[in-house]
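Take a look at the structures below.
Look for chain A in each of the two complexes below; its partner is chain B in the first and chain C in the second.
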Partner chain A sequence: MNKKLKSTFKSNEIYIFLIIIALGILVQIRSGQFFTGNNMVDLLSAMIVPGMFAVAEFLAIIAGGIDVSFPALASLSAYASTRILLDQNYDGNVILAFVIAMAIGALLGAVNGFLIGYLNLNAMIVTLGTSSVFQGFMQGALRAKQLSVIPSGMKEFGTNSFITATNKTNNLTSILPYTFIILLIVCAVMFFILRYTIFGRGIYAIGGNPVSAHTVGFNVKRTKFFMYIIIGMIAAAGGICRVCMMQQMHPTNMLGMEMNIIAGVVLGGVALTGGAGTLIGCILGTFLIILVQNSMILLGVPTTWSNVFVGIVIVVGVALSAYQSIRTEKTKKKLVKEAA
Partner chain B sequence: MKKGIAALLCATMVLGLTACGSDTKETSGEKKAEASPASENQSQLASDEAVKKASDEGWEIAVVPKDSTNPWFVRMDTGVEEFADTTGVNCYQIDTGEIDATHQAQMVEDLIAQGVDAICVVPVDVESMDVVLKKAQDAGIVVIAHEGAELKNVDYDIEAFSNAGYGAFIMQNLAEAMGEEGVYTTMVASLTNGSHNEWADAAVEYQKENYPKMTLLEENPRVESNDNGDTAYNAAKELIKTYPDLKGILGTSSYDAPGVARAIQELGLQDKFFTTGTGMPADNAELLKSGVIKSLTLWDPAMSGQAMVSLACKVLAGESITAPLNLNVDGYTEMTEREGSKTVLEGQGWVTIDADNVDSFGF
Partner chain C sequence: MSECLLKAEHIQISFGNVHALKDVSLEIVPGEIHCLAGENGCGKSTLIKIISGVHQRNGGTIEFDRKKLEKITPIDAINMGIQVIYQDFSLFPNLTVAENLALNSELASGKKTISWKNVRKIAEEAIKKINMDIDLDEKVSRLSVAQKQMVAISRALMFNAKLIIMDEPTTALTKKEVDALFKIILKLKEQGIAILFISHKLNEVFEISDRFTIFRNGEMVATGSTGELDDKKFTYYMTGREFADKTFIPEKVTDTPIFELRNLSLEGSFENISLSLRGGEILGITGLLDSGRTELALSMFGLKPATSGEIIRNGKPVKITNPREAIASKIGYVPEDRLSEGLFLQRSIGDNIIISEIDSLKKKNGQFDLKKRDEEVDRWVKEFEIKTKNPENPATTLSGGNQQRIVLAKWLACNPDVLILNGPTVGVDIGSKHDIHAILQRLAQKGLGVIIISDDLPEVIQNCSRLLVIKEGSIVAEYDTQQVKEQMIIDAMM
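On to the complex of A and B.
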């Protein structure tokens, strides 16, 4: 038991978790509104789309790469599929929207995957480039503008309540839409793949050391290729969730999200150098960012200072996780020395 | 462990499936409103001396939009056509195709070569357009611009309103929705956005002078939406949670009010919490008809187009242009000079968009 406790406290996740709790208590003291059902639901609902993007980004970073194209990819796939359904006067349920968007997302992800995996180009440069291409294609070829009406199936999916929380003191009712289920599915599936499949272990292996991964028999190129396809699919699903929840499609609305998502993933203890990090850490880190962003008003931080506050939390969090990894590294070395 | 995961997976799948079941519930309250921007000013327009003269002399006045395919400028074309129909002035809006600064400059060069009498332009790019307009003025052509206050080689530039005037107008709309009482706060795209903050400042100023029962939320007088409907939505929910007395949010960017409206809908606060702000009609038709938003504010491009042509007539006729200037176009009847500028004229060309007129704009 003692050993288990020790190892828990060595992990990065527990510290992020503690920061989250501490912040929660702080917000509770300042506003008395943190530990209320509707606030929790609000936070979870704000977490849905960034959460899915974070899982996608997490994969890229674990594999030693990075992806800054996912907002553009998600926008393009979500825009194209909403447009297709609108043009067809589609009034069925939401599944078709997800299928079309994820197919487009897979295709766009394959472009990234081909350039990064098979041509072995730098992931940052490639995704910066494809991000512009996706945006340009959307604005140029598709002449994208705001779609203020979306198919009824999508609208219902994004607004019907999965969990409804009513605050008894002020009678405010918040709803958690069904899109939350999509986030749960994405997390569950990726957790399973990363932990129990050769492909998933391969993602960790090529991020840790591509040469040794290749030597022990992982197909590095193919793993990267398929991984970026999966990233594209998750991002596209996230895009559709966003459209459903907003009840409208705005083509540029998601652009610029990448930096905060990357910050959240790194906050969760995922190494930017690749090969190390957990899905739980990634989700906790992202949740911390969402929490900070959506608690500034509750905390009473003036608008002029809220960016500073968000920045400080990111820096402190990353510093903590860096310190943590150095400490683990040291103990490992010590153990190796003792063994020798 | 594996069993646990399998169970979790199954559970999420089942939940996912139930989530996809849907019941259809359609609310369509399509209202057809007539698409005519006409008013009593229209009749005065036809009898205006300068306009009469323009019609008699057959002066040719060309309007150059940014992008003639954009619904905004299609609406402007409607206004210009109506001007021609009611007054007999030879004015028309040219077809520019897609938005393109170089192409627009080329079209103006062509108009100069054709020898039109006046060019009214909404510039895509101020710098490149200014060079071409110099040529037009050298050729003796009257140049009127709209939304191009930085242009130097123009006779006049028309702005629909002053920032202060528009801010006050948004406040009038919010006050009406709130019943002129209660606590409100303001929302801008960012604290560094020039015009949004000027509108919000002017709105607060106007409230202090005219609505004594309304108060600005002291703890948080201005929040940011980052020009993003989702941020506006989350900020609104947070504000409502934190300040139970808050009754309204005055939006400025076109993402503010629609985002806040989503929060109002979700929290079940319709008719208890109010918002208004700039908004495009078509994008917000549903929200306006459902009553979550009572009104939005905007300016009408049809009127801007008519105001440009009307002013061109006056300049061509040699009338002296002095403030307050009456162009006999709604919202442009008491135009004033912008402080520190001799060419920029500002009107009161704001309009309220509500459930009744939202379908009449065509954009």
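On to the complex of A and C.
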């Protein structure tokens, strides 16, 4: 037990968690509105789409790569599937929307995966390029414009409430849509894959030491290829969730999210060099950013300033985890010295 | 002699026009410790790669365990019982010890999912084989080099290895860790496993191996039992040259010290170090890896400024809190890790030589004087016999010994009075090592004050006139190198 406790305090996650709690208490003291049901529900609701994107990005970073194309990929898949359903006057449930979008997402992810895995090109450059191509394809070839009506199944899925919370002091009601379940499913499935499958351990192994991964017998190219397909599918599902929740399809409004998502993942202790980090850390880091973005208003800070605070949180958070790793390095040295 | 486990005969391989191996042979019997020695680039590593299936040979035959090997892949080699432990250990730093040990077998089982119970069981069995005491849940990146090596060894043992090849396994180990490693190697030998031990360290070859084979320039020059080998023969086989070994005697020593430390301390590293150096002297400082010797070197050059105490040059206290101040006081420093601290590897050899004297290579109008630069570069390349076709080639193209000469040339180009060297011949082959020693002795005879910090005892004994031993941050002994014996120093260090 003691050992377990010790290793918990060595981890980055616990610090992010403590920062989240501290920030929550601060906001509570200032506004009295933090620990209210509707604020909690609002935060969880704001977490749905970024959370899914973060899990996708997490995969790429763990394997030693990166993906900056997921907002464009999600936009293109979500736009194309919504358009197809609208053109067919489809009025069934939302499952078909997810199926079509994720199929398109898988296809687009396969493009990334082929270039990065099989041709061994740099992930950053490839996804910068494909991001531009996906976006251009959506706006040029598909002539994407805002779709203010979406199929009824998607609309219902986005508005039906899974949990409803009302604030007694001001009678504000917030709902948590069913899309939250999609986030839970994505997290659970990815947790299982990463922890209990050879494929998932392969992703970690490749991020840790690609040469050894090859010699041990992992098929490095194929693993990367399928990983980017999964990333594409998660991103596309996130795109559909976003459309359902906004009740409209806006082709460009997800673009530009990649930087905050990457920052959140890194904040959660996931090393940009690959191999190190946990799914929980990735979710906590993303949540911290969402929290800062959403709580500024409760603190009385104008929303126009929220970027400044998000920036400060990123820098401080990353500095903290760097300090943490220096400290463990030092204790390690000390231990070696004592042993000698 | 019993039947051979490995019999490689007349092996040839060439890469392009370069004949990396020209007709070499190697025989290993079961359960022996065989040392393969040779200078850098002699073809040792190439032969290992052929045996382990990484490279395909152009000619010759290999027999392993009475079976002829034709074209084999690394996987075939592993299945036959050949395991190579490379210098980087090929471990996954981000995974736990247990997973590192078990990943191979989990993969080989062909299952799609991982059972963590199984991983633990496999790992426990693996460490039992060498009686290693280690936390299986610790991440490999947090282990010491020696522990990583043990993990790599136990992983190799899981595949019923008959032959384990270790590529320079002692390079980053402390003396104590080397002893522990040797114990394990001897234990493996008892179990009938043959070890091919790659090294260019003389004392290790004598200490551990039953037989030896020495390569030079892609040819086998000697093989036999270690009992018949001695220092002189070993060096001759390795280099093809003979060297006189006599201890350095300073000739022209200045009357007063040119460089002194008074009660120099750096918190957490060393305390109250006092020493004095005269011009023309070579002073040795030795100690274990964590004794504070490296920190002392860094403090003398201002890279880790001392927290208290004085540095005195020619009788006057000087302030040295950064390398620029050290250079201004005419102190030069050759770092321990020349690759990361001493050289601009991608830049040309010439640029590396002139970098620290670049301020003096100006024309009157402040322009860089290219003609003067080329003259300087030519002068140093000639003086230090740096083996290169063209000094405009990048520094990466040189061997370790020649790179070290550049670092030396770079410092000498700005005419220091005091030169501090930290591990001047780490990773340098024997031939270059002797040349570098000769250069240092020559410089001292011309009046330079030299400090050599090194744990290579023969090196400090032969090249220094005086020797200080540092232990746990304090100087514990001082010797005249004309009289000291290696064992005395080791006793003081421990």
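Simple rule for what comes next: the second predicted complex is superposed on the first by the 321 of 340 C-alpha atoms of A that agree within 3 Å, B and C clash if a C-alpha of one lies under 4 Å from a C-alpha of the other, contacts with A are read in each partner's own complex, and residues count from 1 in each chain.
Assume contacts are C-beta pairs under 8 Å (C-beta built on N, C-alpha and C of every residue); 3 or more make two chains touch, one makes a residue touch a chain.
Note that this is a predicted model, so its numbers are computed, not measured.
Novice: Going by the contact rule set out at the top, does A:146 touch chain B (first), chain C (second), both, or neither?
Specialist: Once the two structures are laid over each other on A, A:146 reaches chain B alone.
Novice: After lining up the shared chain so the two structures overlap, which partner does A:174 touch, if you call chain B first and chain C second: first, second, both or neither?
Specialist: First partner only.
Novice: Identify the partner contact of A:208: answer first if only chain B is touched, second if only chain C is, both if each is, neither if none is.
Specialist: After superposing on A, A:208 lies in contact with chain C but is clear of chain B.
Novice: Which partner, chain B or chain C, touches the larger number of chain A residues?
Specialist: Comparing chain B with chain C, the partner touching more chain A residues is B.
Novice: Applying the touch criterion given at the start, work out whether A:275 contacts chain B, chain C, both or neither, answering first, second, both or neither.
Specialist: Touch status of A:275: second partner only.
Novice: Quick one: classify A:196 as touching chain B (first), chain C (second), both or neither.
Specialist: So A:196 meets both chain B and chain C here.
Novice: Return first, second, both or neither, reflecting whether A:216 touches chain B, chain C, both chains, or no partner chain.
Specialist: A:216 sits against chain C, while chain B stays out of touch.
Novice: By the touch definition at the top of the document, which applies to A:14: first (chain B), second (chain C), both, or neither?
Specialist: In the superposed model, A:14 contacts neither chain B nor chain C.
Novice: Quick check on the superposed pair: does A:124 touch chain B, chain C, both, or neither? Answer first, second, both or neither.
Specialist: In the superposition, A:124 touches no partner, neither chain B nor chain C.
Novice: What residues on chain A does chain C touch that chain B touches too?
Specialist: The answer is residues 196 of chain A.
Novice: Where on chain A is chain B touching in the complex?
Specialist: For this pair, the touching residues of chain A are 31, 33, 38-39, 42, 46, 91, 93-95, 146, 148-149, 152-153, 156-157, 159-160, 162, 167, 170-175, 178, 181-182, 184-185, 188-189, 191-192, 196, 242, 246-248, 250, 253, 293-298, 300, 302-304, 306.
Novice: Which of the residues in chain C come into contact with chain A in the complex?
Specialist: For this pair, the touching residues of chain C are 74-75, 90-95, 99, 103-104, 106-108, 111-114, 116, 137, 141-142, 144, 174, 176, 288-290.
Novice: Given the complex with chain C, which residues does chain A contribute to the contact?
Specialist: 7, 195-199, 201, 204-205, 207-209, 211-213, 215-218, 271, 274-276, 328, 332, 336-337, 340
Novice: Over in the complex, which chain B residues touch chain A? Could you list them?
Specialist: Touch residues, chain B against chain A: 2, 5, 8-9, 12-13, 15-16, 19-26, 191, 219-220, 222-224, 228-230, 233-235, 237-242, 244, 258, 262, 266-269, 282-286.
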